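Shared chain: chain A. Partners: chain B in the first complex, chain C in the second.
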Partner chain A sequence: MKGCTIRQEQRDTFDILHLNGSLDAYSFSQLEDTLNELRDQDLNRVVLNCEKLEYISSAALGALIGFSRRARERHGDMKLAAVSAKIRSIIELLGFDKILELVDDVDTATSSFAD
Partner chain B sequence: MTVLLQVLLVFTCAALALWLRVKQRNLHRVRQEQQRIAGERDALLQFVNDAGKAFAASGDLELDELLSRVAFMARTATGAGAASLHMYDEQDRCFYARAIDGPAPLLVPLPDNATVSADSTDIQLEDLVFDTPIRGEEGLFREVIERGEPLWVTQAAADPRVPTFPIESRRIHNLILAPMRFQSEVKGILVVANSEKPQGFVELDMYLLQALADQTAISMHFGGLNEALQQKQLMDYDLDVARQIQRSLLPEDIPMVPRVQLAAMNHPARQVGGDYYDFIQLDEKHLGIAIADVSGKGVAGAMMMAICRSVLRAQASGVYSPAQVVKALNAVMSLDITEDMFVTLIYMVLNIDTRELVVARAGHEPPIVCTKNLAIRHIESSGVAIGIGSPDTMEETLEETRVQLNAGDLVVAYTDGVTEAQSSQGEEWGLDRFLETIKATAAEGAFRVLQAVNQEQSKFVGEAPQYDDTTLLVLKIME
Partner chain C sequence: MDKQHVGDPNEQPLASGTNDLTFHVPGSYRYLAFVRDAATELALQQGFNIFDAGQFEMAVDEACTNVIEHSYGGACSLESEPDHPGISIRFIPLENGIAAEISDHGAGFDFQKDRIVDANEYIANRNERGLGLYIISQFVDDMCYEHSSETGNTMRLTKRL
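Coming up: the complex of A and B.
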């Protein structure tokens, strides 16, 4: 299973993480470190750009929910943008779309933080 | 005649005296040799004894402690002024001194950024040796590694391979280097310098040093293996316990339900993922059926499963609404569950008389209904996996679906290990093949469907390893 690269971008008061590749138990730790770093710097508005995300394991999804919950506790959020149809169907199967916010693209995600 | 006799007598006496003196000198030399050999034999015995003890205990020793002992033994066994042990570092591709005994000299030219003077303390000089890496391509080390044999330098001052050092106490006068060999690998280099014996180092010292070096290499190799083995054993133990827990969770028997065929199977994968299924006889008319998949692996996952099963059974007793049971289950488990772990679950209640099936789906693959006419539908309903959403979220999202089953209908509940099983080419067996197999064998009964799915999937997957459990429940309504 190939890994996942992460490219960080800062836009206004949000941080965008552009993901490319596959997220499973092994490659997830890198994303975890990045998210923890952002949280340590009190940067709680995060958008994951999943346009180039080919696969995400259910365990990784569970962990993302944990991050989004913690971000919300600090008046922020972690949203998923541009998720592929296949990954979306997994998220909906698990019912995680009731907890995680999924948006069509990065721009929609960042503007929705404004409120 | 008298003169001749006298001359002969004197000559004979002189010859005799000479002969005696030679013999005496020989005897003295032989005695000295004897003493020397006896001394060496004692030294050898002492060395073997010490080394034997040290290496016997080496399994319990920390590596650094072992190396310190080896350096000490090297110095004392060879009567050297100092010894140093250098290990090869795979990452930095050079040798680092890992243990020294006595005033060990620097074995390479003094680095440009280092300054030493007559005022340098012992600790500073020691640090210099520890901090200076030595590449295998340079100087003394290169020769030792290339030849794979010990190197003995007697006249170090005149030898171009030996670096000079500004401070007298750390100058090299003579030294022996021995490669620490294991199979074809040179794991390190053991060095003794500046013999304190009047005759200097002897050949025996070289052999002793080499023997010690090799033994150390062997000990280190197997010590390293030991560590890896222990870790693997711990992991295997963890998996074994998990598997045992999981096995104990599965129903021993499949209940006999009038006019309903029931079949179930669970094939655990190599990495314990934690699927389970359960049948709960609520009363004469109602049968509860559960199938679940936990996200965590190993013992943690298996324990979650055990808790889920117990809590579900407790909550299900006397309750005929699956949604109510699942909400109650979630409320309890949200407290216990480690953040990020979750359980996907189908819980359904079959009314044996009316053949109505009520289904609650918590993030799990929807069950499949295959009618007598081989029409396929999925029993969809809204819901979130257990342990991930708050009780409020579950309250809002979880619904139950009522399905009226008829004679000849087949219901299949499964976990994603069934459809996601991969062949060695990395292709998934997939939902389509799964449905085809169901349709092909539905008429022959629940057990036949189970068998066929197992067979077809196994054939497709072949020898490829499986990472997820395969769990399947099949229910057929008879006339």
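Coming up: the complex of A and C.
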């Protein structure tokens, strides 16, 4: 079975979550717990490094949409970096690129937070 | 038996064929990755590109997740796996695509009652769950659901090339 490891890295004024594996119903609670912890600490500037993310389910997409919305309401943001072509096409086909910001790589995401 | 359909209402049930591949897994989320890998590999073998195979993979994953969450009311424990009726997933190569039949012996669910939300409605209503059926409806050409208290429930998903 594939799970997902989530490694958290704090940089300057934002956090990076490095995702490795599959975010499905089996591993969803890890993501939910991590996002809840960030929210509880009022950490609203987050980059997801999706370079090693193999799969994302509807529940995980829903959690990311909810976090992004709340983060923006608190003058923060969430950016998804280095998303694979397959996952990017799924997000775009579902119309969720309207609310989830996709950027090419982590450097692009972090420099936009520095602006 | 109740039968509910999204897609081509004239589509006939699929006959069992020698190229079919059937998995039986416990009603637990821990086995979803195996099912997804099979869905992707078989879709690629049928001639789908990586993007369309990924859509079929996601539709099958969401259907299995729905069964565990709604038809069985949650995942079974590791200890109860041997006695749990579980989920059967039958993959059927078609001349012009691929189909998957996902069967269970849980309570089932009502397509009409569990109304399919779309992406705009989902975003506007600030939901965070309930996207599964929308994703399935977007990523396959036909989905049909049969609910029977005697023979169990089956969702059939068909994706064409």
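Points to keep in mind about this one:
FYI, the second predicted complex is superposed on the first by the 113 of 115 C-alpha atoms of A that agree within 3 Å, B and C clash if a C-alpha of one lies under 4 Å from a C-alpha of the other, contacts with A are read in each partner's own complex, and residues count from 1 in each chain.
We take it that contacts are C-beta pairs under 8 Å (C-beta built on N, C-alpha and C of every residue); 3 or more make two chains touch, one makes a residue touch a chain.
These numbers were taken from a predicted model, which means no experiment stands behind them.
Taken together through their common chain A, the two structures put chain B and chain C in a clash. Note on chain A: of its two partners chain C and chain B, the one contacting more of its residues is C. After overlaying the two complexes on the shared chain, residue contacts for A:2 are found with chain C alone; chain B is out of touch.
When the shared chain is aligned, chain C comes close enough to touch A:86, but chain B does not. Stretch 383-391 is the one among 347-355, 383-391 or 401-409 where chain B clashes with chain C after the superposition on chain A. The interface of chain A with chain B overlaps its interface with chain C at residues 58-59, 62-63, 65-66, 69, 93-96, 98-99.
Partner chain C is touched in their complex by these residues of chain A: 1-2, 22, 24-26, 55, 57-59, 61-63, 65-66, 69, 85-87, 89-90, 93-96, 98-99.
Per the touch definition, chain B reaches chain A in the complex via residues 295-296, 339-342, 344, 362-365, 382-385, 388-389, 393, 396-397. Chain C contributes residues 29-34, 36, 50-51, 54-55, 57-58, 61-62, 65, 68-69, 119-120, 122-123, 126-132, 134-135, 138-139 to its touches with chain A in the complex. Within the complex, the chain A residues that touch chain B are 58-59, 62-63, 65-66, 69, 93-96, 98-99.
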